[in-house]
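Across the two complexes that follow, subunit A remains constant while its partner is subunit B and subsequently subunit C.
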Partner chain A sequence: MTATDSVVEGVVLCRVGGDRLAVLAGDVVGVELPDGASPYAGRLFERVASIPADARLLRHEVAGLVVDALEVHAERLALMRVPEVMKWVVGGALMGFVQAAGSLWPVVSLPALSRHLGGQAGRARA
Partner chain B sequence: MSGVPGLAKKGRWLTALSTVAVFSGLAVAVTYAVAALSFPPGTRLAFGVLVGAVSVAFNVAGDVFEQRRLKTLRGLGDGTIAPRPQALAEAAREVSRSPDTSFGVVLVLLGGGAMLTALLWSLLSEVPRSTVLRVGFLGVAVAPLTAVMANLMSWPRVRVVLRELVAAGLPVDAAYAAVPARFELKPRLVLFAGVATLTPLLLVADMAVTRLGRALSPGGAGGLVPVLVLGGLVLLMVAACAWLVASVLSAPLAELAKETDRLARGEFGQLQLVPGEFELWAAAGGIALLEIELASTNRRVVDAASSIVASTGELSSGRGEHLSAAEEQSAALAATTATSEELARSARQIALNAQRVSELARGTLDAARAGKHSADAFTTAMQQVREGNQAIADSVVRLNKRVQQVGRIIEFINGIADKSDLLALNAELEGNKAGEVGRGFSLVAAEMRRLAESVMQSTAEIARLIEEIRDATNAAVMATEAGVKATDAGAGLAQRVGEGLARIVEFANLSSDAMQSISLATGQQQAGTDQLVASMADILNSTRAAADASRSMESTHAELLLVTKELDASVRTEVKA
Partner chain C sequence: MAELHRGHLVFSCGASLYAVPAETAAEVVTLPLLTRVPGAPVHLVGVFAHRGEVLPVVDLARLAGKPLDEAFKRAVLVRGASGAVALTATRVLGVSQLEGKQDRLGDSGLSAHLRGPARGPAGEVAVIDPEGFFDFLARGGA
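Now for the complex of A and B:
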């Protein structure tokens, strides 16, 4: 996948409950079953529900993110830029928005988001 | 203990006259011997001594024999025997036998004494055989007349002693019963006539022949005096016997005439002993029994007359009450008859109802039997249902196990599809990373992923269906178990219903039998009640007739009372006389 300033090619559309988000396909090393240590993307949306049985783990090189469902979207999509006031939201992981499958999807950086959520989990445990 | 005063020494007194008779005959015999026999010289003294010795000895022996035959009488006289009726009756029997005893003793002693004297005389002296034989003939000829005389002389004393026994306490009827009647008067009179005729004939003939020979011999004319003396003695004895016979016969006849005259005058209750012999004794006993029977009959007539008088008086006093009571009874019976008719109607209705109830009981019994058969069939069906439910439950359990196995297989397939989905997802991702080169790969991977997801959806659907099947089988198992329990409960209820119906059948059977018995009994009761009604009608008619008869009896009662009083007065007059 190649990410330019205005176009992305290859995203993974993820669903967390009724919410949605998208990550760049190039950030995903592989898709696995949840390992129990990786953070759940539901926290991003302040969801406290338990992880579904058919959840998937998007493996990153150093971390991972658990989502409810996902699909690979190979089309070239226009990436809408994030306003300056929102760049540092969610640990600066928000990269922009894409229009796919008739919906608007926020595109996040998987490593950044994993770190952000992992840090939140560590602070919560502490 | 003192004896009966009237019986003291009566035994000796009773037989004393036999001694007189013996010596009378002995006198005749001695006179005959002196007049008729030719004594050899020097033998008269020996003859006289022998006659005296034998006479005394034989007389003593005969007296002892006679006294032994009167031991009860002597015991009563000297007090050694109590004067009880049995002893007195035995004494009466001894006394009545005494004349015959004297007859036999005198006959034997006189005849035997003559023969013994002749025998001893021939031994002691030289006596011709013809003389000895004539001495023996003398005894045989004189003995019957002497014995008859002794017998006849005893009867008057026997009568005296019998009267003494009655005076001592022997009932007259018991006296007649103790001494049996002997109908021997005719042979006795023949015997007496023969003896009284033959004895003088024999003696006089012998004497005549003997003295006639002597008279025809020279110097024998003066010897007729002994013949005349002998003839006089014999005639005297015959005359005495004849007088005794007349006395023996006439005295009891006269007393019997008095007794019959007394009875003819109605003087009962004064039973008298009339001593007599032979037929006279039997006639006296018969008259005594007749008097006893007449007295008893007279007493019964008096009692009956008294009872009739008393009853007639009571009847007279109660006839009014009887009439009113009969009328009241008639009214009461009329009411009772009406009640009996009502009872008969009720009995018929009861019998009809009992018949209906009996039929209903029989129908109940049939219905109960049919119900029991149905309950038995129901119990069998419930058992079959239970077995079917149990088989269903077993099948459902087996189905549940199979479904679980299918579920495990589906889980396995679902796991494979899940991994396939992951693999396809990763393949699609990798194809996407490869850019335009991997686009075809990504499409295939995407398609595989869709297949995997389809499989997973299908397995999820199957899992859901399996879950539903599991729930359904669990529900079926529970329902089947509940059905088994219900069938068990139903079978138990059916069994109890069967048992209850069996008892109902038993009770209905008993009830049917009882109702049949009740129906039969009520039928009989109905018949009995009908008979009662008929009987009550008869009784009512009889009672009315009795009331009518009571009214008519009142008019005839006066006549009956008059006749009864006359009868009572007549009977009492007879008794008093």
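Now for the complex of A and C:
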């Protein structure tokens, strides 16, 4: 049984407190300073701490995500499958997992995650 | 659902004893440092890579709404038709034949996928119905 669906080439490895996530480099159109409006990835790990002063905003076309720190990993990596029982997590934005820099990283679709977080924020305001 | 007189792997999670049909218990593993998954509920405590596969770790105590048990270092790997999950185990008591009933222990939540009351050598055991349990997790465990 293989648990690898495909390979990805170019990921942005992001740190959020002691936690990690990765996004496809091709989904990121820019790295900026936080704009005060984009969601902090710490929310996804139930972190209540404030956003670090040196945090960065991963900008997608219409939205973004704020992380504590990031590095670009350019090598090809095997994308390991999302377990069936986790496919619903973060609105289906979880794409798989990669092994990089000695650790396992959950890879999320930045557009899908932005839509999911935007929908959550909209429901919270309603 | 497996017959009680067939072997079941019995393990504890916190103060409760659980069992899974032995044929679904792939192995018992010592858990490495887990990777937390963004947006995962509290009972999905993390994942780890095992033999080329990413396995989710499920804490039954948290799923049952019981006090958190941070002491787990081992897990029972349970394999179903849709994959495998690692269930945190405080102690693994081994394979036993069980006696008693296989009635559903509740109508909703985790208890809807537990059968019993069954008895093993160590006391009362809740038997996990693996396929129903996997479906329950895939629906978010709510």
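The working rule: the second predicted complex is superposed on the first by the 119 of 126 C-alpha atoms of A that agree within 3 Å, B and C clash if a C-alpha of one lies under 4 Å from a C-alpha of the other, contacts with A are read in each partner's own complex, and residues count from 1 in each chain.
The rule is short, and it goes like this: a contact is a pair of C-beta atoms (placed from the backbone, for glycine too) under 8 Å apart; a residue touches a chain by one contact, two chains touch by 3 or more.
Predicted, not measured: the structure shown is a model, and the values here were computed from it.
In the superposition on chain A, A:99 contacts subunit C only, with no contact to subunit B. The partner of subunit A that touches more of its residues, comparing subunit B with subunit C, is C. Of the two partner chains, subunit B is the only one touched by A:25; subunit C is not. Residues 1 of subunit A contact both subunit B in one complex and subunit C in the other.
Only residues 1-4, 16, 19-21, 41, 44-45, 80-91, 93-94, 96-97, 99, 103-106, 108, 113, 116 of subunit A touch subunit C when the two sit together in their complex. Interface of subunit A with subunit B (complex): residues 1, 9-10, 12, 25-26, 28, 30-33, 54, 56, 70, 72, 74. Across the complex, subunit A is touched by residues 35-40, 44, 47-49, 52-56, 58, 82-85, 134, 137-140 of subunit C. Touching subunit A in their complex are the following residues of subunit B: 418, 422, 425-426, 428-429, 431-433, 435, 439, 442, 446, 456.
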